[in-house]
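Shown next, in structure tokens, is the structure this report addresses.
Naming follows writing order (A, B, C and D), and every chain is counted from residue 1.
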Amino acid sequence: MKHMMGVINCIQERVDLGALTAHRCVAAVPFGGRYRLIDFVLSNMVNSGIEDVAVLTEDNVRPLMDHLGSGKEWDLDRKRGGLFVLPSNGHGKRASDIEQLRAHRDFFHRGTQEYVVIARSHIVCNVDLRRVLHAHEQSGADVTALYYCTTEDVDASFDIDAFGRIAAMHASPKGLVLKNAPIDVYMMRKSWLLDVIDEPQGAISVEQRILERLHDVRVYAYCVDAYVGIIDSITSYYRHSMALLQPDVLRELFFRGAPIYTKVKDEPPTKYADASHVHNALIANGCIINGCVENSIIFRGVRIHAGAVVRNSIVMQNGEISEHAHVQHAILDKEVYVEAEHNVVGTADAPHVVPKKKVHAIA
Amino acid sequence: MKHMMGVINCIQERVDLGALTAHRCVAAVPFGGRYRLIDFVLSNMVNSGIEDVAVLTEDNVRPLMDHLGSGKEWDLDRKRGGLFVLPSNGHGKRASDIEQLRAHRDFFHRGTQEYVVIARSHIVCNVDLRRVLHAHEQSGADVTALYYCTTEDVDASFDIDAFGRIAAMHASPKGLVLKNAPIDVYMMRKSWLLDVIDEPQGAISVEQRILERLHDVRVYAYCVDAYVGIIDSITSYYRHSMALLQPDVLRELFFRGAPIYTKVKDEPPTKYADASHVHNALIANGCIINGCVENSIIFRGVRIHAGAVVRNSIVMQNGEISEHAHVQHAILDKEVYVEAEHNVVGTADAPHVVPKKKVHAIA
Amino acid sequence: MRSKRCIAMCLAGGEGRRLGPLTHHLAKPAVHFGGKYRIIDFTLSNCTNSGIDTVGVLTQYEPLVLNSYIGIGSAWDLDRKDGGVTVLPPFVEQQGGNWYKGTANAIYRNMAFIERYDPEYVLVISGDHIYKMDYERMLHFHRTRNADATIAVIQVDWKDASRFGILATNERDQVIDFAEKPAKPQSNLASMGVYMFNWKTLKAYLQQDEANKLSSNDFGKDIIPAMLFEGTRVFAYPFEGYWKDVGTIDSLWEANMDLLADEPTLDLFDDRWRIYSQNTYQPPQYIAPQARVTRSMVNEGCTVYGEVDHSVLFYGSHVAPGALVRDSVIMPNAVIGAGAVVIRAIVGEGATVTDGCSIGHPTGDITLIASDQWVRKGVLA
Amino acid sequence: MRSKRCIAMCLAGGEGRRLGPLTHHLAKPAVHFGGKYRIIDFTLSNCTNSGIDTVGVLTQYEPLVLNSYIGIGSAWDLDRKDGGVTVLPPFVEQQGGNWYKGTANAIYRNMAFIERYDPEYVLVISGDHIYKMDYERMLHFHRTRNADATIAVIQVDWKDASRFGILATNERDQVIDFAEKPAKPQSNLASMGVYMFNWKTLKAYLQQDEANKLSSNDFGKDIIPAMLFEGTRVFAYPFEGYWKDVGTIDSLWEANMDLLADEPTLDLFDDRWRIYSQNTYQPPQYIAPQARVTRSMVNEGCTVYGEVDHSVLFYGSHVAPGALVRDSVIMPNAVIGAGAVVIRAIVGEGATVTDGCSIGHPTGDITLIASDQWVRKGVLA
């Protein structure tokens, strides 16, 4: 019953989240009150019956390794297979995903699965890959590429023919038309991938190999009919975080499909005081809330003292907002301490980002 | 009941095992038919009640990570604590152990243990660190350094005073006198280690910091009264492998103390044919032996075909010795294939080393 | 199998009859508490945090929920290579089987399990109690006193003393008298039902007690009195802190409300002594724009659209717009409908208080809505 | 809890009476086999290798060894977050408990366990048999035939057919007749005791069978005949390969000897279908300079100083200098003393054949030395 294996590509990221990715890779960026970005793609894989997942890594891998641990939270601490963090070669030269896959070629030979799903970690959605597999098998495609429909500005859009095959890809389509935006998830036969890896005049990446040769690779499109959040900038990070405050989005991500797993921290339930004012907020466990929280995402273990106000903001794990401090339109990385009566203020378009562990004491 | 944490230092190795360490770190070098070198120090730690172990790594870490997996085999897949593989910074610059410990300072702050054991992976022995802890607490030392007594040539010898304190260290002591040879295992208070890590004019390594200042650091000596194998060259690797064929040594390493754990491979028992001639050999599971084996160490999954002769040699995992091939005074790395009627011959002083996966077809 | 210095045997077969419908299909240790826990989480977490990695959990009443909840023990880090947690229901021999006769009989019948680990000490605890305790310190006390048995004790109100096993001790903490629920208590030192024994001594007493047909095979009634009678060294280990046996609906409600104090005696936020529990993979709690939450504990997976005051909400519970929940405990996945009012109540797991319905009274007994019950308007619970 | 498509229920309560002293303190599925395995390793490994990650193991006779051997299931990769392996001894209600009445009753009494996973299919297997089988293929067969029940069958020698449950099928593999141990077998297609059921169908039959006071509550005797009588779609899944029910000392010895062929039907070396077992952390086997080992299987942790021919040696066994072991099975940690001779024997776990002692005969019945027994010179075993 094990048909697919998973590859999560955390190298050559085109995503820049500023201070949030200064000391961690994109995959390890905290999101949604208690998750890291990688939890979404990893849970999707596990929930779809995938029991072998390779994570290709580059720099700053420690926070990711700490988060993934033995893989137990995803039931991937298996005897054979399970979770493999494939390190970079360590000699300081950055390898492409194709080079790294080639270096760890034996990993693919070990498993008996027929199919591989390659994905990145900066996409937030809840999708059943077994359905994708079914569509892939029905279409007879070499590769199935996942996309979603949107009228927003996106990097690229697929032209899809009447049979579902991708005929072309356009960069930066403009206007309010409906675009078929790729979400960087590809399904293919393992043998097809191994052939690509072994091509002598190799492409830079698997993705490039697929998308540059749409004429000779049969790439079919699979539409994800659910909420999709592409996190590729501080702005989109902030926007998709705030979107979680819409009950519909919350339901689509967490209650409609299978659960999203993450590292368990065993925090107690959150405690509200007599004076707490909380409206329109997503709040994780282990917080103590004595102040005011509005339109915000509060991660695990945050302390919000009496008289403090947090609005339109994201406060990550173990943050502390002292008495009468104001935090507005801000993103506070882990363990940020805001002193009493100080303000941290950004704007809706440019939220103020405070780096990890910073003590914020600017009046 | 958790008093100690462990650090296994796999960086800045002074050990050169030639082809055996071309694609793996010393810790991951196969030894003793079914183990890797790191199994000994790691099992010693676990058997002594240590439940948090950090492994400092540098290059070529993949074989080590594959071996350690989730840490389950050592019961180190724990919720809090357990096994941490601390990666190098990944930017290609090699850090010293002090720098790397400093980068992962939070690891030491998390645990509640009072003591730290720092060790390297190239020492083969079976020692109870709880006894070392007891001696350390009795002596009131800053650091306890482990050593063993030998008349062989060694790199260094401790001068130990009447109270057990190390007064000095001599490099390359000569002659047949009894030397107190260090085995690169040190026990200290965690707070002492953290002070060293934070010293501004830092030493290059913790070891150097300890041994260069014997006048102001109270370093006491603890004698390991058991078999000790220091694996620092191909010659010593070969010699200590062959020593396992002495029942006394085998007993001291595997049957006298607690067990040595390793990655389980679920191989069936080894099968001997009618024509097999096996004398004085250590043979792991999963082998099929149709030929002749003498004075040799045979790892898991090896095939020795009819008429083949293996003498005074080490054949690592999944090796295959074809019909009427001769292997003598040789070390065959994993998955070496020796063709029929070919010879691989070294000498007792300079065993012939065949690298991993090599097909040996020189007549 | 490596031998273990100290293993724990946790008695978890209690019916908790006075908890009424809450324990119809649930042993008392499996009852929910504190927004995310079950009562047994406290003793299991105490074991892990005290460095005890081998725990036998003795079940008998409604063992299936506990069995499935405990699973392989990973929530409490008790999924160990050697030891870990083992659920021990009463054993059925070919000629049949029956329930444990008493607490001592339960341990007696699991001697084979204990001997597998060849322990020096056996800690006997109950899965019914809510407290945080470092058993390693108790073991240290036991060893320094050179005791054969040590009983953890807590000072209770004199007026409650006759509900407990009461000990009298000398100045060296040695127990000189023990009385189970005495009409006229000699002291207010109550046994917490936490016993540390030298295994050799305990084994001898268990065998002797089992041979006595008249014995009720109970630690408090039989084993400890026998030890005292024969001059065995029994000591009392004084414990200070929160300890509660939530035997009734009122005390269960009270224990939940205790958590809502500004600095509760039972501190669940202490990172050095985590209380572990099975995780249910819920997203963070969602507090809607029009919601109001004060003086409460709310768990992940809750969605609050109405008003919640001085209450404890378990995972997955839902408070609809216009609803008011006050001085109440809302168990997992319970739903409080739009405009409903819940006062001084415990709403059981998966129960529904439908729209506009009102339950509970500002004074008097706590109202209890049983698990999975539907409460409709006009139908008083 | 995620729902599971197919879960397995493994019957492991067998006494194995004809295995004599080997099963005095051991259920038959826990009997050692093949140098490192216990019999139940085969069914558990089959489950894992077939992608079934939820297995209930129904124990009753001497369950402690099995319980401790199975542990949290990590040896078979069955230590899963959801599902994994669960040991299910008979349950004791307040009014008492008793053994499972028959195989069907055993499943009936664990319906609550099964329903927790809401499976479409339930595979019922026995922990007594040695074979390698891909249950996923059987499930595929079951689904393509649109069957309600599928029974795995193997062709046996006609002369043995009356010892088995014998099926008659039509050309579409549908079962048209089933006879338990028929005096005059209609075919040589024997049931392997491996059943795949649609859970809904099975549940209805289990309930109906339980209501029938006259039933022996057995799959072969009651459930399958009832299904056939009522026209339920029962199919036979043909299996080819090694399959053995090691019911007697002779057949246990024989099954071990079968492994010593050049290319045994039961291939333990197949890396794609590993048989997993609990690891015992032994170093490699040591073959001394003066030893001689031919046509044998020897496990890690053995030390051989004498001569071993056509034998199976379990972990930790020791053959002293000058000893001869031939056509024999030496169970874990057994010791064959200096100059001792062991011929056509099974030497039990931890048994000792002392120096110079001679046991076994070149013909006739297999000699059995019980576990932990000391055999002294002059005392015939």
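One rule holds for everything that comes next: contacts are C-beta pairs under 8 Å (C-beta built on N, C-alpha and C of every residue); 3 or more make two chains touch, one makes a residue touch a chain.
Since the model is a prediction, treat every value here as computed from it, not as a measurement.
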| item | value |
| --- | --- |
| Chain separated most widely from chain C, comparing mean CA positions | B |
| Which of B-D and A-D has more C-beta pairs touching across its chains | B-D |
| Between chain B and chain D, centroid-to-centroid distance (C-alpha), Å | 40 |
| Gap in Å, rounded to a whole number, between the CA centres of chain C and chain B | 46 |
| Multi-chain contact residues (two or more partners), chain B | 72, 79, 264 |
| Touching two or more other chains - residue numbers and ranges from chain D | 74, 81, 274, 276 |
| For the chain C and chain B complex, residues of the former touching the latter | 2, 5, 50-52, 74, 77, 80-82, 136, 272, 274, 276 |
| Chain B contact footprint on chain D (complex, rising order) | 34-36, 74, 260, 262, 268-269, 274-277, 279, 281-300, 303, 312-313 |
| In the complex with chain C, residue positions of chain D that touch it | 60-61, 63-64, 67-68, 71-74, 79, 81, 84, 86, 89-92, 94, 96-99, 112-113, 116 |
| Of all residues in chain B, those that touch chain C in their complex | 1-2, 72, 75, 78-80, 112, 258 |
| Chain B partner contacts - residues on chain A that touch it in the complex | 58-62, 65-66, 69-72, 77, 79, 82-93, 104, 264 |
